[in-house]
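Next, two complexes with chain A in common: one pairs it with chain B, the other with chain C.
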Partner chain A sequence: MREFVSPQNFVPSDFEVVRNSDRCIACRVCERQCANEVHWYDSDLGKMISDETKCVNCHRCVSLCPTRALKIVKNNDTYRPSANWTGPVIDQLIRQSGTGGALLSSMGNPEKYPIYWDKMLINASQVTNPSIDPLREPMETRVFLGKKPDAIERDENGKVINNLDPQLKLDVPVMFSAMSYGAISYNAHKSLAMAAKELGTYYNTGEGGLHKDFYQYGPNTIVQVASGRFGVYKDYLEAGAAIEIKIGQGAKPGIGGHLPGQKVTVDVSQTRMIPMGSDAISPAPHHDIYSIEDLRQLVFTLKEATAYKKPVIVKVAAVHNVAAIASGIARGGADIIVIDGFRGGTGAAPTRIRDSVGIPIELALASVDQRLRDEGIRNHISLVVGGSIRNSADIVKAIALGADAVYIGTAALIALGCHQCRNCHGGKCNWGIATQRADLVKRLNPEIGAQRLVNLVTAWNNEIKEIMGGMGINSIESLRGNRLMLRGIGLTEKELEILGIKHAGE
Partner chain B sequence: MLMREGEVRIPSGCAISGMISLDGSKQNGEDIMKSIAVMHDRSNGLGGGFAAYGIYPEFKNFYAFHVFYDSRRAKDEAENFINEHFEIASMSVMPTKTIKEITNEPMIWRYFLKPLVYKVERTQVDEDEFVFRCVMSINTKIDGAYVFSSGKDMGSFKAVGYPEDVGRFYRLDEYEGYSWTAHGRYPTNTPGWWGGAHPFSVLDTSVVHNGEISSYDANRRSIEMFGYKCTLLTDTEAIAYIVDYLVRKQGMTHEDAAHVMAAPFWSTIENMNEEEKEYYTYIRNAYASLLVTGPFSIIVGYKGGLMALNDRLKLRSMVIGQKGNKAYMASEESAIRIIEPELDKIWAPLGGEPVIFNVKGGVE
Partner chain C sequence: MKKVWVNEEWCLGCHLCEYNCAYANSGIDDMVKALKGKTINPRIRIEEGDSINFAVQCRHCDDPICVKSCISGALSKTDGLITIDQSKCVGCYTCVMACPYGCIMPSEEGPMQKCELCTKNGCEPACVKGCPNNAIVYEER
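Now for the complex of A and B:
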């Protein structure tokens, strides 16, 4: 039955649940699968009923309906059309007038900003330089992340000494980005950890600590230290292959995080080292970092704590002066810098922040890489980018612009079953990913999840090899920063200048 | 309008040849000209050149600058600069012969120079680095002046034309050197600029190169961090700078440098013994940005030696021959047989395997 909503507060649903009554057998699978309680069986009418106002369009019911009786379509209910006062604008305004609250959203910025990946094209060899067939010749995608030495050193016998700082070895140029236990489920974390191990890469704990069951994946784990310092203690720091200081996140630059108490279950509470059921609030800044020199102190505190055996990563959101910030971070002793673009995902963020703060990762990456080179310190730090890497071509373009490797978060979640309903903040993820409800979590089988992640990254890696071979490049380090391999399409002079590439046809 | 080399990147195919007397004995440029002429069809008349070592014994402690000038103004400006930074032991027009095959030559001058001691001291770098910076300054800041050779007791000679004609133009039969390299160019465009021909040299290091590297922009953007400015946008320039950086600035041997540029595949490294594995893993990781991929065969000339190197897939031909105290290297066997039909041995080195010949006992 419909709850009463005052007419001023009524917002039409975004979607319509369309049920083909000829096909529906009232098996009630949709009802059992929907944590949002959209579907129910009306025994008087003898048929399935739905309340589309509760539907988030996660496609769980559609995917499981045994008779393919369901589809979700966009609701074509409309206000008087206006290019300015559009439906979503009015809806949001109505919601805020009713509640007085800030709007909350999940996952990445969905608005219509330019996607520069789609405005860059990749080169291939013809005649003067042979393309290389990855099925017949070695094609290398291994990457080492970490600081490179300024000079070679030799022992008294003239033998070259290994004077490298600690490095991360990646067999594929892709890592799984930070998603905390709490924001995502135990099974999601387990899937990521298992996949990282099999792929020879790393997953990231996010700011929620490391569940005791996952210490065994330490060699493939990056442990994060964020402003809330949840779950940070000696064993945690020592467990990971690298430590990441999270300064900012692309989805919500400049603000902290908020994990609602309902998600702080026994396990989450133990892992985060906070009372059960209490809200986990990360402050906006680190309260021991109010300036770059403070960051340097934290970098070296963490290095001291782990005997200089692990690279320290600093993650920042792509903001306007990111190039100068990156330069400061490189000089602050970090080994790896991560830049997270404004399309990056989140478990929850204020909508206004998510949709209006930060800059595209492509531009941030290009300007950071160039700045570090102009200052002669690009070798002192590795550059990892994230914030909406959608496919292997995006990765090739990112590396050609200057990245050493990429982080994927949203893409990994989609591999695990996420259908981008963007309601993680509701805590009722029907796919068992962004939830702590035991009945929902168990829907995600970690073995299957890990296999799907391995499939995805392996497929991408094969595609990267194919594209590299086409360019006559057989090792990924020869692609890094190789901007001549890119051309812009439909970009302005200024955009080309920032990206450091020529226009197609030039 | 066609853009000049440096404003546009021009891929080239090529022929290369090199020879060295391991006992340090000298010979004139006739043999190397004969050798490169055999491979006439591998070039298209748009660039040829030579490098020779041991040719200026009377000035062996002076940096020999070979300079192209487009205008009198460029010459005046460059000479002012040279006067401010160097003591000039000798300067003259480059001796050339007017032949119908070579036209449109720029003004070509040669200087034998010693850096002013107080200037070097004030810069707080060694003499070589000081000279290197001066060359960079002239080439990037003085429009129309281009220093194309700057080593001691060696010289590069290059022009637009077929290499055999370029050799006659520069009267190479009148020079005596212990090692020679040569290059015939097949650019896919018509730059018509002499600076774009090979060899490319920086101080004592010279490079002749056949190939088109796919890692070019990755290498260029990396080497430019270390004070180099790639003004020509050619592979050869980038490779010469990489060799100079690794050997002169990083203190590597030429063999180490070869392992950086044409590193073994990871699959090969994994099957090595522990010591080798550590060395190659280190070198690949620490100098990853200087790995050169795509087809190339190069001959690197340096004081007292030559190094031949192929890309790791061996996508360009390269043959090595030896007869007594003479070693030869060329794109084609015919280029060696024409000057030495009876060889003690001849072989094709593997991709990524450097072949290095040094004058026994070194060179003064």
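Now for the complex of A and C:
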């Protein structure tokens, strides 16, 4: 039965479930697959019924319907149109007046801010320098992340002295970004781990610790140390190929995290080393870091704990002063800096923060790379960016702006089945990704998931080679920071100045 | 010989295999036309439990007691595949009682029916092809 809702609290549903009754064979797959209980079979009427008020538009039913009888459309119920007091604005006001709570959202910022990737175009060779066919000639997309020495040193016999700090070797310039076990499921983590191993790249534990089953993927794992310090102990630090200190995340810069108690199952509690069913709260700051000097202490504490064998990464959200912060991080002894743009995803964030805090990753990346170059310390640190990398062209543009590699989170989840319903915080992910409910988790078979991730990244890597070949570049090293390969389109002087690129036609 | 194997760990209990089975064996090329308004009688059945589900259809046993029990010679085994010649079936139900998996059942027309790995439908087993989570696979083991 439908829940009683007072008229003041009634918000029209976002979507409508449209069922083509000519095609529906009442097989009830939609009913069985919907954790939100939208569909049911009415045996009196002998047909399927839907309650669209519960629909989050995850497309699970649409994708599994064997006769393609279902579609989800936007509900066109309208308030009196206003460009200012729009439907979503009014809905949010109604919700908040009803509950008195902060609005929660999941995944990345969906608002209409400029996407600078789409305002940059890539160069290609014509006549004066030949393009390269990656199918016929060698093309290098391997990347090493870590501190690079200032100079080659030789011993008295002229032999090169190995003065190289520990490096991460990536066969493709893409890594899977931090998503904790707890926020995502065991099978989602396993898919990422298996794919990272096969691709010769890395996935990231997030701040949820490393499940005992996944220590075998250690050489392809980046272990995270965040403000809650969940699951951090000696074996954990030693298991990973690198250690990432998470200061902030693009979706919610400046605030912490909160994994609700119902997601802290036996396995999650053991992995995080917290009591079962207790809320896992990550503080907003690291309580031992209030300055670059403090950060340096943690960087070297972690290096000391792992015998200086592993690179240490520091991840920050792209905020206004990110270039100066990045400079501090480089001087703080980190080997790799990660910048997460304001479109970065999350399992849950306050809507207002997700949608209005932070800056675009493209601008942050360009200004950080420029700052580090100006200060002559760019080689002291590798630069990884994340926060809505959507395709291989975004990666090429990111690398041309100065990144060494990219992190993908949302794109990877979409490969695993995510349809961007943005209700991760509900814990009822119908695709078995952002949930801990056993019956839902099993919907993601890691064999299938890992293969899809491998397919995606392999396809991207081939496209990157093709685009580089077109530019006459045969190594990703020659693309890095090669901003002459980019031209802006429809950008202001100031935007072009920050991006460090010329306008198309120049 | 390739057989249908069950990976019960991944079975969601969505019952799509049952519908794909009924569709494949209907001889009709449109699923809606084949199944709309009908109560299906598939050769594969989902066993559902609290936390585990799995699909069951003919195991194509090495030593099939259904074949031994058949009084009319309708059931036979060739190259590992157990098939039924429905024109020979007399409807004695001995095979139904003999099968330890409950994988032989009467068809709507009368004679018994069983999974024949879609060999008579001109395709690879439809249940496997339509499984969304690789909970049933068609392979050599």
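Assume the second predicted complex is superposed on the first by the 506 of 506 C-alpha atoms of A that agree within 3 Å, B and C clash if a C-alpha of one lies under 4 Å from a C-alpha of the other, contacts with A are read in each partner's own complex, and residues count from 1 in each chain.
Definition applied: a contact is a pair of C-beta atoms (placed from the backbone, for glycine too) under 8 Å apart; a residue touches a chain by one contact, two chains touch by 3 or more.
Given the structure is predicted, the values throughout are model-derived calculations rather than measurements.
K.L.:
Which holds for A:Pro149: it touches chain B only (first), chain C only (second), both, or neither?
P.N.:
A:Pro149 contacts chain B only, not chain C.
K.L.:
According to the stated criteria, A:Asn129 is in contact with first (chain B), second (chain C), both, or neither; which is it?
P.N.:
It touches chain B, and chain C stays clear.
K.L.:
Identify the partner contact of A:Arg28: answer first if only chain B is touched, second if only chain C is, both if each is, neither if none is.
P.N.:
Touch partner of A:Arg28: chain C, not chain B.
K.L.:
For A:Tyr41, select first, second, both or neither according to whether it touches chain B, chain C, the two together, or no partner.
P.N.:
In the superposed model, A:Tyr41 contacts neither chain B nor chain C.
K.L.:
Which holds for A:Tyr215: it touches chain B only (first), chain C only (second), both, or neither?
P.N.:
The answer is neither, since A:Tyr215 touches no partner chain.
K.L.:
Of the two partner chains, chain B (first) and chain C (second), which one does A:Lys442 touch, if any: first, second, both, or neither?
P.N.:
The answer is second: A:Lys442 touches chain C but not chain B.
K.L.:
Could you tell me which stretches of chain A are touched by chain B in one complex and by chain C in the other?
P.N.:
No residue of chain A touches both chain B and chain C.
K.L.:
Please give the residue numbers of chain C that touch chain A in the complex, ascending.
P.N.:
Residue positions touching the partner: 9-10, 12-16, 19-20, 23, 31-32, 35-38, 51, 130, 132-135.
K.L.:
If you look only at chain B, which of its residues touch chain A in the complex?
P.N.:
Per the stated touch rule, the residues are 9, 11-13, 188, 211-219, 221-222, 224-226, 250-252, 256, 263, 265-267, 278-279, 282-289, 291-295, 312-313, 315.
K.L.:
Which of the residues in chain A end up touching chain B in this complex?
P.N.:
Residue list for chain A touching chain B: 125, 128-130, 132, 137-138, 140, 142, 144, 148-149, 151-152, 154, 159-160, 162, 164, 167, 373, 376, 378-379, 402, 471-475, 477-485.
K.L.:
Along chain A, where are the residues that touch chain C in the complex?
P.N.:
Going by the criterion above, the answer is residues 22-25, 27-29, 32-33, 64, 66-67, 438-439, 442-443, 445, 447-448.
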